[in-house]
């Protein structure tokens, strides 16, 4: 499991005084960097090297995330398929999961625009971060 | 059905030269303004008046949205429950649906922090925008 | 002068119930698309074709921009130098300028990483949009 | 001086493969939290307690900020006036200042909508973080 701690930004907070759904989406994306590094260790953004594309993202907003208190983002792999895999993420604040994000990511060739099987060496590293989802996710 | 046309912003486009998932999330949120106006006609953001909270959002990214060509966001109601309802949105570019967003929104009292049934007059307006989801959504 | 009308997004509004400075920055960037098209008509984002880079941006926040009321962004050229030029932008809401953005943009070769003079044909088009800044900008 | 380290997010990077100006603006805003805490220790966002408003922001983009390498944001006070003060911020990557942000912030009463003098106890704390700007800023 990967961990990232974020301190909400003033502009992340909306008029209802909780973090806007888009702010949470940014934190989750930010916290996926270590997963991206498994596939592209130097995070090279060329079309030849970058090989991940987002297929689907499901966000659940369980309770309101507030300003002035840190948020811990927990990131792990929850499923590994042939050419795609699933990342599950939890946003913890004050001892509870306040939001979750489940992303389906495809191993993708940006030159041929086709999905490609996940190679065995990468699959092994993903398996080290494989974890069952918390009940309720 | 509500329609909004957006012209992607330079910074919406990521290094893979397509719109980042967060940019799409912002367009979809932007296009929900007419739905919010059904509940809060003057969009008053006080805790006494604002009465909608996001519970869940599902994004599907079917194909890449590019820069320099307009995106039409179609927004309609796809389900009406007791105190919650579902908004389905499609992002069209160059004649095809390139991304969708399905949101579950709860009619909510920010003072008591409880969900509240959707009143009949609002339910009638929502029904005017009720539509079956496109196959595949 | 180029004009763009935006309807503030729910998440653009911060806890003080006015548009966050970053939301305004996004509107101004969005409204620069027509200026970018003068240099790169098809908005091709390749390093060979794209030829503009931001050097400096000055934002002034005169009064609060609120939700539920449209914002008109006026965009014009306020200075043309040898290889750089200045874009001045105003955000109008309810009959007054509530924010301004003055950007210094450089005509730039992303392959050699050097600034390049603005060619005469482009200079002529820029001059058509050249305008004196409003007093106070 | 306050320090914050950020790891650029995939979506922070634009098609030119450097951080978009808006991404930098978000990092700088994020790094202003410790300054906000001097005025509002619990970061209470009520109109009665929150007392800061942004008047002006100047960004300089000296060189391109890239993905995959951390960015250190240095934040200090560069001027203290009667009711306003100036925050200077630098974004360091790979040993050089790649962007700066100079903000003019006003001590403000959101109920009366008027600026208010900075009290002596807060002024003393600001002075502890007062520093001359780096040459070139």
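By letter and in written order, the chains are A, B, C and D; residue numbering begins at 1 in each of them.
One rule holds in what follows: a contact is a pair of C-beta atoms (placed from the backbone, for glycine too) under 8 Å apart; a residue touches a chain by one contact, two chains touch by 3 or more.
All values derive from a computational prediction rather than experimental measurement.
Participant: Would you mind working out whether subunit C and subunit D touch using mostly the same residue numbers, over half shared, or mostly different ones?
Facilitator: Mostly the same residues.
Participant: Compute the rotation angle for the C-alpha superposition of subunit B onto subunit D, expressed as a multiple of 5 degrees.
Facilitator: Rotating subunit B by 180 degrees superposes it on subunit D.
Participant: Roughly how many whole angstrom separate the Cα centroids of subunit B and subunit D?
Facilitator: Centre separation, subunit B to subunit D: 33 Å.
Participant: Compute the distance, rounded to whole Å, between the mean C-alpha positions of subunit C and subunit D.
Facilitator: Roughly 22 Å, centre to centre.
Participant: Once you find the CA centre of subunit B and the CA centre of subunit C, what distance in Å lies between them?
Facilitator: Here subunit B and subunit C have centroids separated by 28 Å.
Participant: Mind pulling the subunit A residues that touch 2 or more other chains?
Facilitator: 10-11, 13, 15, 17, 21-22, 26, 29, 45, 67
Participant: Considering only which chains touch which, label the overall pattern as line, ring, star, complete or other.
Facilitator: complete
Participant: If we count contacts the way the header does, which residues on subunit A are in touch with subunit D in the complex?
Facilitator: 7, 9-11, 13, 17, 26, 29-30, 32-33, 36, 42-45, 67-68
Participant: In their shared complex, at which residues does subunit C touch subunit A?
Facilitator: 10-11, 13-15, 17, 20-23, 67
Participant: Using the touch rule from the top, collect the residues of subunit C that touch subunit D in their complex.
Facilitator: 15-16, 21-22, 25-26, 29, 45, 47, 50, 53-61, 110
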